[in-house]
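By letter and in written order, the chains are A, B, C and D; residue numbering begins at 1 in each of them.
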Amino acid sequence: MNGFVWIDIVLFTILAATAVGLARTRQLFAAAMLSGLFSLTSACIFVLQDAVDVAFTEAAVGAGMTTVLFLGTLALTRSREKVTPPRRSIPAALIAIFTGGVLIYASTDMPPFAAADTPVQQHPLTQRFLDDSMTEIGVPNVVTSVLASYRGYDTLGETVVVFTAAIAVLMLLGRGRPATSAEPKPREALPQPIQHDQRVLRVVSKLMLPFILLFALYVQFHGDYGPGGGFQAGVIFASGLILYALVFGLDAARAAVSPAALRRMVPLGVLIYAGVGFATLLLGGAFLDYNVLDAHDPAHGQHLGILLVELGVGITVTAAMLMLFYSFAARGVGR
Amino acid sequence: MTALFDALMQNPAVALWIAPLIPLAAAASSALLGGRRNLREGITVTAGVISAALAVALWPHAEAGLRVTLWDWLPGLTLAFELEPLGLLFATVASVLWPITSVYAAGYLRGNDEQHQSRFFACFALAIAAAIGIAFSANLITLFICYELLTLSTWPLVTHKGNADARKGGRTYLLILIGTSVGLLLPAIIWTYVLSGTTAFRSGGILAGQAGNATLTVLYALFLFGIGKAALMPFHRWLPAAMVAPTPVSALLHAVAVVKAGVFTVMKVSIYTFGLDTIRSSGAGELMMWVAALTMLTTAAIALTQDNLKARLAYSTISQLAYITLGAALAVKTAVLEGALHIATHAVGKITLFFCAGAIYTAAHKTRVSELDGMGMRMPYTFAAFTLASMSIVGLPPLAGSWDKLLLMEGALDAGFPLMMGVLMLGSLLSLGYLLPIPIRAFFRPAPGAASDDRVITDFPDGDPPPRPVPMQEAPLACVVPLCITAVTCVAMFFLEDRLIAPLARVLEGP
Amino acid sequence: MIASHYNYWIAVVLLMIGLYVVMSHSNTIKKLIGLNVFQVAVFMLYISLGKIEGGTAPIVDAAFTVYSHPLPHVLILTAIVVGVATTALGLALVVRIHEAYGTTDEDEALIADRREAERT
Amino acid sequence: MIAHLPILQVALPLLAAPLCVLLRSARAAWWIYLLASVAAFGSALLLASSVATHGPLHYAVGNWAPPFGIAYVIDAANAFVLVLVSGIAVATAIYAPRSIAAEIDPQRVYLYYACLCLCLTGLLGIVATGDAFNVFVFLEISSLSSYALIALGKRRQALLAAFRYLVMGTLGGTFVLIGIGLAYAVTGTLNMADLAQRLPALYGNRTLTAAVGFVSVGLAIKAAVFPLHAWLPSAYAEAPSAAGVFLSATGTKVAIYAFLRFAFGIFGAGLVFGHLPMSALILIVGTAAMLAGAAIACYQDDLKRILAWSSVGQIGYIVVGLGLASQQGLSAAFLHISAHALIKGGLFATAGIVALRLGTTRIDALAGLARSAPAVFVALLLGGLGLIGVPLTAGFVSKWALVMALIEADQWAVIAAVLLSSLLALVYVGRIIEVAWFREPPLLADTAQPSTPAPMALAMWGLVGVSLVAGVYAAPLSRAATAAAAALLGTAP
């Protein structure tokens, strides 16, 4: 037993408490905040389990972006829920217990946690990814090389998922007024400019903003060497602009990055990614075979390919996250 | 035209192909021509005449064993036609009566100003195509497909009027017919296929020695009840329900296509799937024989109580169909021949009766037996035809129906069921009881309303009654001519009987 | 068993809580929150598969020799993004449902629909 | 060129989606979607013919040999589904413009086409891939885009339906993810062929058993297999007509294909149907589905809802076929996948035309349809006959094959259920036809019905017509289904 176990236990206790609290509270606002806390704590656990990239993403996406979206929705709707009647809770509990039971049953034959001889560690994939990737691709962050090259096609799919969500939300919420308003405006919508007397907030935000954006660029381009990459960078970049919108108002943010530009950037990123795939096809390789991008030095081709697709991811994620925010926020302003 | 016909006859297999195509083409043209009534009906009648001629022309080839494979549809599922005497007999009945019914229908529909006439003619022709398909089917699958097509194509005819009653009747019709065929007949076919590995019709049957007696009995029952169109009790309800249809449809259902397709299928299954010997030796027929006898007597008794003319005829049909099923279930040569013959004779007799009922409705808007008093003089041709046809169905010589009743009694003796003779006699007596009172009322009872008029008219100074106290008020010519033709046929068939069943008799003799 | 498997079990318990929230609550927002918890629990299950005793993050460096397996990380990165995409779409639907029905409660909305159907 | 077809099949529609959004014009977006689906259909046909003559095609994306990278493997089984899905996509493309113009805010039409492209991409991706996790990614692409496609229905019920689908669908997708994770935990690989090779040594392993369970339940939710079907009826009934055509014909079928691939291509029939009592379970579930779906359809009073509930029942036939896990059963399942896709697609197309002409799809409103719109009515009738399984329709061919397979397996009770549910189909189809044909329209019926736009009629007749041709000339389809089944079972030459 090392010290990690105790950290584990503390974190898991927090997680469980958060989950129970989140299940029990009828204040949706509190539930949303607890959900953010839940994500953040789980990110800590991911760090402990060496999944730094995942932790990074979970913190940015789960704790950050998702919470913003929940709050944005709550601002447009109501924040208390009804009492759950037993006719719903009892079957739900049974299903949950059954599912959990099956998983516990399954876990009894799972390899011991963190053992070195698990099938996962023993599979030839491990050696290929951890040892050979340095020669084949030459990117120290193996997560990046697997993500962008070995399983680059999954990542293309993932980018497309973000793209899908963005256009779906655009289709549902649009950027204009709601067609019918069922009830009068419930309360102040979220992104009004903060009053002038909160000067500290404005100044501090303004100071922080360049650093946030710079950090996002660092994350974007340093993904080869440390944790990070297009997704994380995109979310951070978007968060910076969301902060700007929160403090200075939606209109100011829209003046800085117009929705029209976003509407072009979202597909552009996907196009860049898929375009790399088609380029490799045209150069005579397989789809997304970056080796052919540089006829003389395949490793350089890999670098170039990864750079390009990460750029595509970054553009789409930034634009999509911002667009999501705009859509929710504009819905509130419109009312 | 004749040259074409000759060419066809040189190559009867092609004729087999074409036989169902002619009504199909007529159906298509009726559907497409829409409101152009004369052209539409002209084409229908012409097509009818052609297919009747084709059917008659095929008779010389009846025993040639012609077979055409339409296509190999799926593994184990081949659609094929085959020419054999029983099928040809049914095809002939259907295609000869089709043009006659068409003429009648044209008169009836116009006379009553019915809606949706194009749909009527299209579905009618489609039904004929299906019936011919059934007649020529070379295996149970082909037969089943045509059988279902027949049900579906006649449903719009039953629901023709479109009011709530008609829709309800149509629902009963469809549910019972498809319910029995999918729920009982199809499983029976599948079972047969599983037992014998084929569904083809073969002389002598395909099930001999393939299963135990109990299995065969159950299977036979599945078949006979599953063939809902044969209207064995308790699956007979659809026929009275279908009475909501216009009269030419009833004629089609009862005489030309639907019920005859049912009993034809019963015969076909008995002869070619089971084989008469198998039915007899396994005892499969005995149970169904009594079911048929029960149906015959019960429905005849119900017919006696019906005042609505068409309803009475409907129950009469159920009762008469049971004769045919009975013949098949007795499974001796004479009885089976009776069945085959009865398909034809009952068709001609019953179609005449329905034509008459329709003519009465068209001319006088009367639907009840009790309203017919004194109608005989107003519609002499109609009621003369009615009398002839009734006598034929009861089985009085010298009319078509007399032979088959005789043959059936002989068959009952051959099969060793003398008790059945008594049942048959009782059945005939009952049919006498429900049919003959109708013409008797019409001819010999004074018309209720006309009685006083008569007195006024007869009160002439010189005391002489006028030669015709009631003016003739027949239905349109298009209605009267067909019914006269069929009535005359009732007589003619008495003399043609031998020819109709001789080929089948030879098949039954076996090689 | 306990020492070597507790990681999985805690993930399973969290998963059950998430699933229970999704299934039992009729409030659409709460359902989505539950869905998030449910998915995060699954992520934890996956990530624990890659962990190796004494290992470090899979960023190749001369200083280390034992690395955790990168593949589960890659998979879960994808899954997280799928999760946020689903949540965003779900929330957009919640906003529209609230506009159309005046409620974010699924049961209430269904009742409203039924009433409307009865009226016509 | 042929060598790259497997990826082009999926990548072309994928590329089309961002183009639709960039060009931001409804007309251009339609053209792009049309071209993309035609291209996908063309490559699917080429692939199918190539597979039929030269055997399975393998494609390593990024040129990383499996199991290190993601591989596409095209064999007779997924070529069959690829052709079907992309063919339906073409029909939808022809059908869509007029239907969408009537139902969707013109500002959003280009986004709608982008979503259709994405949905097509997702479905094709699920089918083409040879990597278990890749299935999940593309499953989510198709799911997210279908939620959006459904949510844009005209009535507010569409929003609720989409939300319920989203929750159920995400649970299903996550269940699949759990199942894949468990299988990964005991093997360390995600490549299907690699998994299939390593798993037989692990039969009896509890983790693996649970993996089978989670994948099955997850995909059963996606395929709306009774009793996990609750999302389907309102989702398909409330969706805009064009989306209804596409999704009803393809969505659940692809999920069923994915299950087939997992069961036979990964876990192996020996595990799923040998070690585990899956066969009996599937037969029970499938039988319940075909009876319950058809029975509930009889009580609906909206055309689209009848069709949607009928889908729940018809999925039961497919499920029963695959539950037999025999050559005959699987080919019957493939036959019914295609037959039902064509018939239900055609019927939803018809329902869309009805909605356009009458403004509603309530059963009562159909009175007099046979006279006011005879062509639409005939399509409805022919499609309905196909649902019942009347001979000479595609529905009969597949039911026949299913019954033959059931006979071979001595499943007499299931045969009885098949026949009974066909009778129930007769009832619900009969209700539609009866009203449309025989009931007189109300006196004040507005005579100014818009006529059927030619492209919509073309798509409708295309689908219904192909289903009829497939019913009559059943041999080619039957051969393809047999080959597909053989490919799954590994008995292909």
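Please note the rule applied: a contact is a pair of C-beta atoms (placed from the backbone, for glycine too) under 8 Å apart; a residue touches a chain by one contact, two chains touch by 3 or more.
What you see is a predicted model; the values in this text were computed from it and never measured.
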Which chain has its C-alpha centre closest to the mean of all protein C-alpha atoms shown? D
By mean C-alpha coordinates, which chain is most distant from chain C? B
Which integer distance in Å separates the CA centroid of chain A from that of chain D? 31
Taking each chain's centre as its mean C-alpha position, how far apart are chain C and chain D in Å? 27
Gap in Å, rounded to a whole number, between the CA centres of chain D and chain B: 45
State, to the nearest whole Å, the distance from the C-alpha centre of chain A to the C-alpha centre of chain B. 76
Among the residues of chain C, which are close enough to touch at least two other chains? 19, 22, 32, 49, 71-72, 75, 78, 82, 85-86, 89, 93-94, 96, 100-101
Which residue numbers or ranges of chain A touch two or more of the other chains? 103, 107-108, 110, 118, 120-121, 125-126, 129, 151, 154, 157-158, 161, 164-165, 168, 172
Shared-contact residues (touching 2 or more other chains) in chain D: 133, 137, 140, 144, 147-148, 151, 178, 184-185
Thinking of each chain as a vertex joined to the chains it touches, would you call that graph a line, ring, star, complete, or other? other
Chain pairs satisfying touch are A-C, A-D, B-D, C-D
Show me the residue ranges of chain A that touch chain D in the complex, using the header's touch definition. 102-103, 105-111, 118-126, 128-129, 149-154, 156-158, 160-161, 163-165, 167-168, 170-172, 174, 263-264, 266-268, 270-271, 274, 277-278, 281, 285-291
Which residues of chain D touch chain A in the complex? 4, 7, 11, 14-15, 17-22, 24, 59-64, 67-70, 107-108, 111-112, 114-115, 118, 121, 125, 131, 133-134, 137-138, 140-141, 144-145, 147-148, 151-152, 178, 182, 184-189, 198, 205-211, 213-214
Complex interface listing, chain C residues touching chain D: 19, 22, 28, 31-32, 35, 38-39, 42, 45-46, 49, 71-72, 75, 78-79, 82, 85-86, 89-90, 93-94, 96-97, 100-101, 106, 109-110, 113
Residue numbers of chain C touching chain A in their complex, please. 1, 3-10, 12-27, 29-30, 32-34, 36-37, 40, 43-44, 47-53, 55-61, 67-78, 80-89, 91-96, 98-105, 108
How about chain D: which of its residues touch chain B in the complex? 385, 390-392, 397, 400-401, 403-404, 407, 415-416, 419-420, 422-423, 426-427, 430, 434, 437-440, 472-475, 478
